[in-house]
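Before I ask anything, let me first share the structure, which is written out below as structure tokens.
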Amino acid sequence: MTDDRHERGRARFLEVHDEKALSAVEGLGDLGRTIIEFIYGDVYERPALSIRDRELSAVVALVALGRSSQIPQHMRASLKAGLTPDELREAILQTATIAGFPVAMNAMSTLKNVLAESERQP
Amino acid sequence: MTDDRHERGRARFLEVHDEKALSAVEGLGDLGRTIIEFIYGDVYERPALSIRDRELSAVVALVALGRSSQIPQHMRASLKAGLTPDELREAILQTATIAGFPVAMNAMSTLKNVLAESERQP
Amino acid sequence: MTDDRHERGRARFLEVHDEKALSAVEGLGDLGRTIIEFIYGDVYERPALSIRDRELSAVVALVALGRSSQIPQHMRASLKAGLTPDELREAILQTATIAGFPVAMNAMSTLKNVLAESERQP
Amino acid sequence: MTDDRHERGRARFLEVHDEKALSAVEGLGDLGRTIIEFIYGDVYERPALSIRDRELSAVVALVALGRSSQIPQHMRASLKAGLTPDELREAILQTATIAGFPVAMNAMSTLKNVLAESERQP
Amino acid sequence: MTDDRHERGRARFLEVHDEKALSAVEGLGDLGRTIIEFIYGDVYERPALSIRDRELSAVVALVALGRSSQIPQHMRASLKAGLTPDELREAILQTATIAGFPVAMNAMSTLKNVLAESERQP
Amino acid sequence: MTDDRHERGRARFLEVHDEKALSAVEGLGDLGRTIIEFIYGDVYERPALSIRDRELSAVVALVALGRSSQIPQHMRASLKAGLTPDELREAILQTATIAGFPVAMNAMSTLKNVLAESERQP
């Protein structure tokens, strides 16, 4: 039954992110397993919020808290879920008013790198 | 010209929030004036993000940072901008995974109060 | 099977906290259910850390982050799990060096109230 | 010798704050003693920064971190150390750009109360 | 008229920081433009707080929040605005009491680098 | 007498950490001296909390606040004080529920590196 949660979480994780991100999370042992089962198997499965809105929320929360390590992965997931680069830029500017400009400056630099990297790929 | 920014900000503020919230902000002197002119006259005027997405972002950022004083006002604005109570509940649960459960617990109590209060009004 | 998680989480929650705290969490709807199933049914069940060490960790994390609403409940749970008032006082002083004195001052006032309240009860 | 630190800290504390604030800190037991000896007996004694600049720094750090319980006391100490109400208002507005507007809004309301209270006193 | 704000902000930015810092901010698109117009064109223009006090406040707020990317730039601006290395060292030590020693340790290492770098330049 | 505090703090620091860590702290000038005298000479000397519990608390507080620079040093000190790798892993997972998963993901990667490094040494 936990195996069901795990399979469901793994499938959802791959839909939102990709294989490379999954390997990184699986490298974190029981914490990684918990992320897959709880966040992607339980929370992301709930229909009350679209994946697009979940990813907008994830980027905003990470930017507000200055959690720089996880921001690129959720920016990539946001673009995959249908947010445009302009919407992400604007969400960062909006978040500057609530969390201050320094976290927004860092996030905007990160977004430039994420967009440049995605353009280099076919 | 600053008067234009001020008028534009005031009109947008009233569209997003209401008269009562405007009075509270105007009671903050130059800081209040700056909020109206900069946040509502400049930032909220930009078309790149819908008011609905701005308010979802505002609630998520406030919840993530535990800024309890401003959460009720932006929950009310979220509902006015078209977010459903279920979407707000789910955005709070999602934010628990990024910012921890304590801030989400407080936000969920606040949302219950905001929804109860809005039901009491005609 | 989720029912098993829920029952297990409920039992563990009551062991760590009490009925009154359970009612408060259950009043939070799906977020409350998630707290019971995930935090108490999954995480607190893991044998790698004692309940005493979990509660010391919970108090320290809450104090460091200034999450005042949840601190009294976990102080009570810490005392129930075998931490002494002196250990809690010292953990707060220790946390002042990492998170600053203001959060420690608030936590020390809260601990005084929690201890006074527990002395008033038979 | 620790008695010297304590006496020195107590004298400095009373110079910066007042008797009422001293009682509150002394009510915190060993944490209060540590605050008096370390912060006021050691740190505030150092000549490299004026008390006026220390209090400006204290208010800004407390506002940035949203530590609302300690803000009024250090606003009063700032005024006593020679900062004007206008300088404090402006420091709060400045801090909004780094820490976001919500913490600044709360601080500005608090300053209004602190100023009103000091006007009521002869 | 926005062009006026922009020119005024650009001139003030160059007075506080330098050409290299301006290029970095201008590389952030609309967010950079907002920083120049709002923070330097509007806020830093206000006479109620000296540039020296603004920069002391900026360093303290950035240190308290652990916003490491922006700290070196504002340390350089602080020195340019007349703060001495000893005043900056002391403001960092003072901030340790409010925000904890870890952020102060990082800031002190950064200050050492900023001072070493400024000595290497003619 | 301050010399006594300093000697006592230095001895305790070396017991908790090691020579290399001491050099790093001593490189921070008066801030480093304050850390040795106040944190290790005053606070860590107090018998009310074991070094093992102090280090568990230190790791949890640093993880909760995302203070990445100081985490490896206190993870090493935790292992030296008798905490097992499994207890540290579990404390990190537990802290994810209070401070969110991103800080826990970073801490778990750091712990992997700390453990790998300690295995490479005889």
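Order of writing sets the chain letters: A, B, C, D, E and F. Residues in each chain are counted from 1.
Methods note: contacts are C-beta pairs under 8 Å (C-beta built on N, C-alpha and C of every residue); 3 or more make two chains touch, one makes a residue touch a chain.
All values derive from a computational prediction rather than experimental measurement.
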item	value
Farthest-lying chain, centroid of Cα atoms versus that of chain A	D
Comparison of A-E and C-F (more C-beta pairs in contact)	C-F
Repeated interface matching B-C, over half of the contact pairs identical, chosen among D-F, A-D or A-F	A-F
Mean-CA-position distance for chain E and chain B (Å)	29
For chain E paired with chain F, centre-to-centre distance based on mean C-alpha positions, whole Å	31
Centroid spacing, where centroids are CA-atom means, of chain B and chain F in whole angstrom	40
Overlap residues in chain F, where contacts from two or more other chains coincide	30, 34, 38-39, 43, 46, 62, 65-67, 89, 93, 96-102
Chain A-facing residues of chain D, complex	96-102
Residues of chain F touching chain C in the complex	38-39, 43, 46, 48-49, 53-54, 56-58, 60-65, 67, 86-87, 89-91, 93-95, 97-99
Chain C to chain D touching residues, read off their complex	66, 89, 92-93, 96, 100-106, 108-109, 112
Touch list for chain C against partner chain A, complex	1, 30, 34, 38, 42-43, 46
Chain A residues touching chain F - in the complex, by the definition given at the top	25, 27-32, 34-35, 39, 62, 65-67, 69-70
